[in-house]
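What follows is subunit A paired twice: with subunit B in the first complex and subunit C in the second.
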Partner chain A sequence: MTRSTILWRGLAFVALLAIIALVFQSQSAAYLSSGNLRALARHMSVQGLAALGLTFVIVVRQYDLSFPGVASLGAMTLGWLIASGAPLSLAIAGGIGVGAAIGLVNGIAVARFRLPDIVTTIATGGVAIGLSYFYSNGTSISENFFMSGILDINDRRVLGLDQPFAILAGVALVAFVLLHATRFGHAFYATGENRVSARFSGVPVERYVLVAFALSGAGACLAITLLVASSGAANVTAGNQLLMPAFAAVYLGAALFGRPSVGATLAGTLLMSAMLNGFTLLAIPYYYSDAIVSTVLILAIAGFDPRITAVLGQPFRRTSEARP
Partner chain B sequence: MSPDPAQAQRRTKQVGHILNMERIEKRFGVVKALDGVDFTLEAGEIHALLGVNGAGKSTLIKILSGVYSKDAGTIRLGGAELELGSPRAAIEAGIACVQQHPELVGDLTGAENIFLGDEALRAGLFQRMDRRALRARAQALLSRFPVEVDLNAKVADMPAVDREIVAILHALRRDDIRILILDEPTSTLTEREKASLFRLMRSLKAAGIAIIYITHRLEEVFEIADRFTVFRAGRNVASFTASEARAQGISIPTLMLDRESGDIFPARDGDGTGTPVLEVTDLSREGQFRNVSFAARRGEILGLFGLVGSGIDELSKTLFGALAADGGTIRLHGREQRFRSPAEALRKGMFLVPGDRRAEGLTLDEDVVFNTTLANPGRSAGLAGLLRFGSNRRATAELATRVALQPPRLDRPARAFSGGNQQKIVIAKGLYCKADVYIFVEPTVGVDIGARATLYQIMRDLSREAAVIVMSSDCDEVHGLADRTLALYKGRPIGEPRRGTSRDDLLSAGIMGAVPA
Partner chain C sequence: MTDFGQALGPAQARRRTDPRHVLTRYGFFVLLAVVFVTFALLRPAFASEANLNEMMRSAAIAGLMFLGLTWIIAAGEIDVSFMSVAALANMIVAVLVRDGAGWGTASLAGLGAGLLFGALNALLVGVMRLPALVITIATGALAASIAAALGLGTSISLSQTGFVGRILAANLGVVPLVALVVLAIYALAWWAQERLTFGHYIYALEQNRAAVVEAGVPVNRILVLLYLLSGSLSALAGILLAAALSSGQPYLGNSYFLDGLTAVLLGGMALKLGKPNVIGTLAGIFLLIGLLNGAALLGWTDSQRQIVRGSLLLVGVSLVVLSRRRNRT
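The block that comes next holds the complex of A and B.
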């Protein structure tokens, strides 16, 4: 991608963000207040971590529909470990580890046994939801939360930022380096774009698909850790609100910037959170905002499609015109 | 209205030509792609467009099919001046184009693909395709243009030639098409498949449809074309009927290239005394090849000739660890190897330039640097896998110069390059790995003659530092390039690799299994 294309796409992103901000600001003067922007950043932190994990799966051109269920299981595992008196770090590692483990199961099923990814991950997601009821028969867990220090994760500030946002920034930086500045990142993209040629170039493609699913599961559980920390309880429905926004963020970003990447996902997440936060502020019921998010997802999928981006004109074209 | 050949001919006699393009100019930025091109087409003729990549033939047909607009010049169709603003306008004017890699829907049948977009709809809630009507329309099309093809098979299951035929019939589904443009239809076809495509082309011609046809295979010109026009550097430099050219002994390669180039193969200089790098003994794979033995040495090119189905493609993939052997041994530097994956083969010094470079060799949407450095992460990345952006770019630039990549634009996606230059990118990727053994499979399919000479020279130069094996279904290529040759016939090696096997002996060994005397 040339520098000027990136500039055009960046401008398009800023324009979209400005439009969203203007619309909500005109409806509610509180939208651009510092208090609300901090709430927006918190919301973005949770959605962003889940979307970043999902980005890897989309880069290798697979789908993961299990992560909301996996996130619920991660939340309950975290809550149960805290309630049973485990040290906080162990509890958090346990929650994220569960997510990575189910991600690995997805990866093995899809990469090794060639099972269809959509159906497989719907199924593993269902299994994860079932398992999440195991700890407490489905009642929410908040025992021991005050003592454990998990609430501090939400309340602490780092370098003038709320800690959840600082965590997102840190994870995004690591993901950025991994995906865009290491050979592993190139291998992820090569695996997604042409699996045969990647294999002939010595890329162990199965391993990369496997790792992508594991990262997706781990990302969702890290995201849910922040949500549990802010709500003060672990809930079996905790992950439900992750699915649509995460997919919409990845696809919206990919449509804006030409392909899935860490920067694109962050941009997509910011747009989604800016909208969802606005809806909350205007007290628009969740079922309407869900419908709007879903609409955005469909538009973004259409935008990710090269046949449609080709119609949109030069700055949005994914590949440069073939030589005359 | 279906075109009546007799009427079409009468019209031709009156007007002379069905299509007249005069003084056509087209610029892309500073590049003048077409510099005052004249082109005429007679009704019902098969007219080949020849020229190296970038000579202007693709630009001309893109203007004619409404994809590009011309900067200057006139287009007359049947005497009337014409402006072609869009592909749709070209089709309305009776000009249809079949792309080099036609996009078909693999899960649909041939007939469904032909009428894709205007299916015979059955009235009702879901407007389902009326399969019977569809079949009838396909049958009607086939009776106009008789050709042997099963249009009820899924396109994904079809051989390459049937897919091409489906794409052509798709272009001709309207019965007012008078000019059909085919962009390199034979580049991926075997000899036998080519024959059935040519049968279709002849029956189109008999139905009064004029065909403009781009090819890099010069021998086809005399087989199928009535006339040909040669392009060079954005101009039409010569136009002959096939019989004129034959009678006058015209050399088409000379017309295509500025320099006189009788022979595109570099001199053979392997003396066969180099140390064997790769030794293969009785290598077999059930149903594909058996008891293949040869040694590849540094300092020479070993050529394996085999048609499609001879097992050369599977053999190359077995040597590279992508397929498993059932029997026999592979020794690299004297040590027996059993590669479990291409990754392992690469690590140990093998490199495969696969036969299908778009599907197997390249990540098409990524740039040249990405593609060049992908297969050797040990060199492209350092501590913690961090990429060495600066040195990767420098190394790629160096290799791009070495393989004469045109244009040498490293930030372009591989997709944007021509066939020959895509192949150069795959070779650059191989050179970046500094392998000990290079296996080239069908290295010049879809590559024009100018770039071919460059590729052969690269392979010859490479043979001085590594063992080079060339596997191809092009007998002239194997014979012209290699120091020692071996033919594979139905998975079976015919004799042993030998020096100085004549072209005819090699050919009859490869196509009939005849043991050379």
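The block that comes next holds the complex of A and C.
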């Protein structure tokens, strides 16, 4: 992509963001206040971490539908560990570890055993939701939360930023370096673009698909850790609201910037969070905002550059091309 | 979908009488029988007339909802909006009936919504060739949020179930009338799938879409037809559910999502060795309903049954892929 097209795409993104800000600012004077912008950044932190994990899976041209269920399981694992008195760091590691483990299971099933990604991840997500009920029979867990210090994750400030946003920034930086500044990143894209030629170029494609799924599971559980820290309780339904915004963020970003990437996902997340935060501020019920989010997703996929849609449509044509 | 499609070569035809293949082909029905007999022995209430009648009625409604999905997956595409379309039709009927409209008008409106969403999916996936999964996630979420908005986030209870309720309650002996109608629809669908070129195109699409396009088959038109079918039949199921539950439930879709995929994929093992087909789907529905109903009688919790559902889906997918791979060699 040439420098000028990046400029144009960047301008289009800024224009969209400005339109969203203008619309909401005209409806509520509090939208651009520092208090609300901080709330927006918190919202973006949760959504962004889940979307960043998903980005890797989309880059290798697979789908992960299990992460909302996995995130719920991660939340309940975290809550249960805290309630039973485990140190905070162990509890957080446990929650994220569960996510990475189920991600690995997905990766092994899809990459090693060649199971179809969509149905497999729907199934593992369903099992994860079922497992999440075992800790407390489905009731929410909040014992010991105040003493454990998990609430501080939400309240602490790092370098003048709220800690959740600082975590997102840190993770995004690591993901950016991994995906766009190392040969590993090239291997992820090569695996997605043409698996056969990537394999013949010496890329262990199975391993990259596996890692992508593990990162998706871990990202979703890290995201849910922040959500649990801000709400002060772990719920079996914690992950339910992650699916649509994460897919919308990745696809909106990819449509705007020409391909899925860390920057594109962050831009997509910012647009989605700017809208969703505005709806919350105006006290619009979730079912209206859900309708708008899904409409935006449809328009983003259908309306932008047709070449992008062709590229993103590849997973469905891959079988006929990949077969020698 | 990834590796679902593997052409069945002439070797396949030769092996049709191989005992191992006969076992995989019909083993599913044996499993079905074993499940039903086991539960009937463990809990006599399972085999009571009332319970069997109720299971057949639920199976009929689920059968309507999953018929379009069966062919969509058989054609190598996906639809994850079907259950939300059913929920939307369900809520439209409930709102209209609550506000004094007749069941006829309300049902037509619900069916119209199903056709509309079917047409939307058909346009975006069939004509514009956008990725089916993400598009149907989005259209499904749109339908679900409209359904929730209609009831302002809660369910709507209905005082009377009108003629739809009477049709639903009608029985011929132990068998509900609606089950017989759905059975007839499935028989017709089996005929279309096996005897018409339409059916052959569906399976050909999944194996090699490029070749089917090159052969001059109107691929777009087939996909459009499949999504329209899925939308309208799901809406029909939603309308029946409004009478069955005598209420509008905005979130009824959740419980049908895993079940639909499981019935289609697991059922694909029956008769066609891993290819989704309508008789297989019907058998898959009965297996699921039998298992879940029996497990409830044995006192299993919802979360345990959720795990059974998810695991069954995993088993189904693995079996499909395994049997396909073996047939390829």
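Keep in mind that, in the parts below, the second predicted complex is superposed on the first by the 302 of 324 C-alpha atoms of A that agree within 3 Å, B and C clash if a C-alpha of one lies under 4 Å from a C-alpha of the other, contacts with A are read in each partner's own complex, and residues count from 1 in each chain.
The rule we apply is simple: a residue touches a chain if its C-beta (ideal position, glycine included) is under 8 Å from a C-beta of that chain, and two chains touch if they have at least 3 such contacts.
Bear in mind that the values here come from a model prediction, so they are computed numbers and not experimental data.
Engineer: Is A:Ala86 in contact with subunit B, with subunit C, with both, or with neither (first, second, both, neither)?
Structural biologist: neither
Engineer: For A:Ala21, is the partner it touches subunit B (first), subunit C (second), both, or none of the two (neither)?
Structural biologist: The answer is neither, since A:Ala21 touches no partner chain.
Engineer: Once chain A of both complexes is superposed, is A:Ile298 in touch with subunit B (first), subunit C (second), both, or neither?
Structural biologist: The second partner, subunit C, only.
Engineer: In the overlaid three-chain picture, which partner chain does A:Arg114 touch, first (subunit B) or second (subunit C), both, or neither?
Structural biologist: In the superposition, A:Arg114 touches subunit C alone.
Engineer: Where does A:Tyr288 make contact in the superposed view: on subunit B (first), on subunit C (second), on both, or on neither?
Structural biologist: Touch status of A:Tyr288: second partner only.
Engineer: Residues of subunit A touched by subunit B versus by subunit C: which partner has the larger set?
Structural biologist: Comparing subunit B with subunit C, the partner touching more subunit A residues is C.
Engineer: May I ask you to decide whether A:Ile129 touches subunit B, subunit C, both, or neither, giving the answer as first, second, both or neither?
Structural biologist: Touch partner of A:Ile129: subunit C, not subunit B.
Engineer: Between subunit B and subunit C, whom does A:Leu151 touch in the aligned arrangement: first, second, both, or neither?
Structural biologist: neither
Engineer: What is the shared patch of subunit A, the residues that subunit B and subunit C both contact?
Structural biologist: 318-320
Engineer: Which positions of subunit B touch subunit A when the two form their complex?
Structural biologist: Checking each residue of subunit B against subunit A gives 26, 28, 31, 33, 54, 58-59, 62, 68, 320, 322, 341-343, 346-347, 352, 354, 359-366, 370, 373-377, 380-381, 384-387, 389, 407, 411-413, 415-418, 429.
Engineer: Considering the complex alone, what residue numbers of subunit A touch subunit B?
Structural biologist: Within the complex, subunit A touches subunit B at residues 2, 177, 181-184, 186-187, 189-190, 193-194, 196-204, 259, 318-324.
Engineer: Per the contact definition, I'd like the list of subunit C residues that touch subunit A in the complex.
Structural biologist: Going through subunit C, the ones touching subunit A are 1-5, 76-78, 124, 128-135, 137-142, 144-146, 148-149, 152-153, 208-210, 257-258, 261-262, 265, 301-307, 309-311, 313-314, 317-318, 321.
Engineer: Which of the residues in subunit A come into contact with subunit C in the complex?
Structural biologist: The contact residues of subunit A facing subunit C are 63, 109-110, 113-120, 122-134, 137-138, 243-244, 247-248, 251, 285-288, 290-291, 293-295, 297-298, 301-302, 309, 312-313, 315-320.
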